[in-house]
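Paired with subunit B in one complex and with subunit C in the other, subunit A is shared by the two complexes that follow.
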Partner chain A sequence: MADLLVSGIIYGSIIALGAIGLTLISSILNFFNFAYGDLFTLGAFVTLLFLGLFGNSGTIAGLSFGWGLVLATLLSVVIMVVVVLLMDRLFFKPLRDIGVTPLFMSLASLGLAFILRAIINIFWGPEVRYYSPAIQISRRLPLGIRVKPDELFVVICALVLVALVYMFLKRTKMGKAMRAFSDNSVLAKASGVETNKVIMWTWVIAGALITVAGTLYGIQVQLRPIMGWHFLIPLFVAVIMGAVGSFWGAMIGGMVIGISEEMITGLIQNTFNSMQIEADMSVYKPAVAFVLVVAILLLKPHGIFGKREP
Partner chain B sequence: MISYFVSFLIMGSIYAMAALALNLQWGFTGLMNFGIGAFYMLGAYTSAILTCPATTEHLGGFGLPVLIGVIGAALVCGVLAFLIGFPALRLRGGPFAIALLAIHETLLLVVRNESWLTNGVWGIRGIPRPFFEMVNPRHYGYLYLIIAAGLLILIYLAIGKVVRSPWGRVLRGISEDEDLTSMSGKDCWKYKMQSFVFGSMVMGVAGATYVHYTGFVSPQVFNPLMSTFIVWLMVMVGGTGNNRGVIVGAFLVWAIWVGSDFLTDFVPAAIATRIGFIRMLFVGIILGVTILTKPQGILSRKRLTVDWYL
Partner chain C sequence: MSLLTIKKITAGYGLQDVLFNVSMEVDHGEVVAIIGPNGAGKTTLLRAIVGMIRPKTGDITFKDHPIVGMEPEHVVRMGLGWVPQEENIFPSMTVAENLEMGAYLVEGDLKDRFAEVSAIFPALRERMRQPAGSLSGGQRQMLAVARGLMLRPDLLLLDEPTAGLAPNLVQIMLGRIKEVSDRLKRAVLLVTQTIDALKLCQRGYLLSAGEIKYSDSTENLLGNREVRDLYFGGSPPSS
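Coming up: the complex of A and B.
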């Protein structure tokens, strides 16, 4: 029970990190970006590329990786920010200039998702990869909770980044402009907010967050070219559940999805085991996200943190 | 060579049915269905299970006639679309697309994992082909082409008829401006549901037509690329809202996909095993270029205006 909660929190903090970037894109650029999941994969694989150059160079205090991975992640963030800015320049900006509908932008991003996944598969192949071959031993904490040092690192790293983004949005002038743009873009433009700058910063933040999220997922689980596509649905569910554009909504939505995916499938599995029914429920984890979004949308169509329609 | 061409025409006709159905949902009603594969797969499996001979590997052994299988596929897809429509049609645009994508992934999980029902990844073999005993097996392709093309023409006429009717004009109104249409006293939800259910039934028929041609079905062919994305590409290339264009688009895209097999000869042997992904890249780039240069579709001659419907 406690174990399920812990693994849910770990998974949830990675979803929350990705969902915050996605909620910013969805509200500021005003479309649902289906390429975001494959950017998650690309970020993780670019980190792997740099890790191959530096090596892990030892390990830090019980973690399965060393400073090599930290450096690789930082470089990967830089590369990925350049990639998303290029993507915007070559692909989304021309579409914005034509003035296509948000649905059309979503469709274009789906095409981009397949292009990205094809590139990842061509370069790295379909095999499962790891950052580090080491196997970690769980540490015992009070209340019968077992946790690996890596898992603790993932949660702390995600929370620190969330706090940093929150500070950026709350304290800086650009953050304020972004929030204004997300609330009401027409009013923001009329007040002299520069659209291009806001969009650029949105991509920078979202690109950086998704790269770190992908890398954390790679540390915690493994690297597979399809992982981002499967991650896309929980991300979207977190964004919709928390209401598009809501920072805390995405954060809490991500946590709720992560915890409920682990808990619900785990509890059903335990029930089946005790009734001696043979079934593997863990494969249905992604389905939980879907059932949740339907339930939420039926009860609260504008998301948990959504404002009521005027 | 000629049999190769016949099989190309049969597959093209099957995809054209799905593309026409998507055109009804997206081109005329504005429903962004990213779950075409869900209905295509459901239709395929329903018909396969209803018609295949007795076996111990999976549910089946009903041995019903092929016609009953196809009708069953349409009905099951219609019922699923109706049930999904209740929560999903409350959503507009992006969230609707995400919900449908999630349904596709969930159904794929069920098909892959519940082998008592579908024989899992091994698939269902020995699906009967209609009138197979009546002709020389070498010439069977011609006969099946007549069946598939006949169905395609029937569906083309039916969809052409309904979109020109008063019912179709309401759909067009919904896709242009839903609020305005409901202010004119139309129950938009009802019309969207009818369009969604009808389109999904056609997708189910396309799936059934596919399995009775190949005689075999497994989850691999229903990945999002081959069952959803390629159909979107066909509609985009053919011109949204243009039924004749969509049929031409379907055959054109399928020709490009089949033809891109020649790429195998040009790539180094080391990555020849990843040829599927090179083709995926190729198709993704075609969509990107289409969207950037001709958002109205390559084959659309003029913008559709109101008088086209009168």
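Coming up: the complex of A and C.
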């Protein structure tokens, strides 16, 4: 049970990281970006590309990777930020300029998702890849909890990034402008907020977050070209569950999805195992996310952190 | 030259024109009313001034600079504040953050500006850390006007700031608007449908079906039987 909770927190922290970026895009650019899952994959693979150039350079304090992966991730973030800014310039800005509806923006992003996935398949092929072939041994903690150093790293890294983004949004002038724009874009413009700057910063933050999320996910599992597409479901559910535009909603929504998926499928798996029924419940994880989002939409249509205007 | 000059603008949404050849002026420090029935185009006129919609024909100049076609963020930068009738605050941000956003274009310390608007709207002072979305209707309107003042605009456009407020709050709000004009010497273009608000103004324009029907001093507008009967339900011009 405790093991499942820990797995859920690890998975949830990665979802939360991606969901914060997605909620910013959804509320500021006013569309659901279906290409975000494939940006997650691309970020992870670009990190792999740089890792191939530098090598892992040993390992850091019990982790399965070395400074090479850290450096590769930083460079990947830079490249991916450029990619998302170009993507906006070439695809989304022309659509915004002609005033297309959010539905068409979302459909355009779906097309972009297919393009990105095709690019990933062309460059890296369909086979699975790893950042490190090293096998880690879990450390035993009280209450029967077992954690690998990599898993601890993933959670700490995600939490640090969440805190940094929160500080940016809460304390800096541009962060406040982004929150204002997300709240009421017309009034933000009438307050002197420059739309182009807000959109640029939204892409920078979302691009950086999804790249790190993809890389952290890659540390945990093997890299597959389809992984981001599958990751998109929990991301969307986290954003909708937490209320579109809510920072803490995305964070908590991500955690709830991660923990629910791991615990519910894990508990059913354990039950089946004890009854000697052969089944792989891990493939049903997205079903948990769907059930949760339907329940939330029925019970609290504006999301957990959503408020109805009085 | 006037602070704001509008010459024969025609504007609307898509193919639907709402304003037809509208011309008007606002001078420095003046409080001017735009009155008229619902659907007359009052809000559209303010949206056209602030750059939210682009007039099809005509000119708007602010401080002698043409502003037609300019983005709202650039119009605001010139010293023009706008307080819409609805959705005029950032609900998930605190009162203090809303005021900060009002002074978004200002670099440096905002203490003086906070003190200035707090003096006019003391009710906001003890609610600075409260989320704006949790304020009452009257407090929201006060925050909206205070936010508009944070930039210290030369001209403040107020779109029905008393709409939906309880009668006692209407009087308080009108008193605050008078202070904005008297104490801060800001010019105000006030969209209103109430006689009490019109009395605050030096003069006014009556907008009907997208056209300026009357332009006169407040006294004359209030003395005009047609204006009283049609737009203020025949209320006598009490002092």
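Here is the rule we go by: the second predicted complex is superposed on the first by the 307 of 310 C-alpha atoms of A that agree within 3 Å, B and C clash if a C-alpha of one lies under 4 Å from a C-alpha of the other, contacts with A are read in each partner's own complex, and residues count from 1 in each chain.
Operating definition for what follows: a residue touches a chain if its C-beta (ideal position, glycine included) is under 8 Å from a C-beta of that chain, and two chains touch if they have at least 3 such contacts.
Predicted model only: the values in this text are computed from it and were never measured.
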A:L95 in the overlay: touching subunit B, subunit C, both, or neither? Say first, second, both or neither. first
Looking at A:H302 after the superposition, I want to know if it touches subunit B, subunit C, both of them or none. Which is it: first, second, both, neither? neither
Is A:A177 touching the first partner subunit B, the second partner subunit C, both, or neither of them? second
One more residue to check, A:G125. First (subunit B), second (subunit C), both or neither? first
Larger contact residue set on subunit A - subunit B or subunit C: B
Contacts for A:Y284 in the overlay, against subunit B (first) and subunit C (second): which applies, first, second, both or neither? first
Going by the contact rule at the top, pick out the subunit A residues touching subunit B in the complex. 26, 31-32, 91, 94-95, 98, 100, 102-104, 106-108, 110-112, 114-115, 117-119, 121-122, 125-126, 229-230, 232-233, 236-237, 240, 280, 283-284, 286-287, 289-290, 293-294, 297-298, 301
Taking the touch rule as given, give the residues of subunit A at its contact with subunit C in the complex, in rising order. 173, 176-177, 179-180, 182-184, 186-195, 245-246, 307, 309-310
Per the contact definition, I'd like the list of subunit C residues that touch subunit A in the complex. 50, 52, 71-73, 76-77, 82, 84, 87-93, 97, 100-102, 104-105, 133, 137, 147, 151
Complex contacts: residues of subunit B adjacent to subunit A: 30, 32, 34, 87-88, 90-91, 93-95, 97-99, 101-103, 105-106, 109, 112-113, 224-225, 229, 232-233, 236, 271, 274, 277-278, 280-281, 283-285, 287-288, 291-292, 295
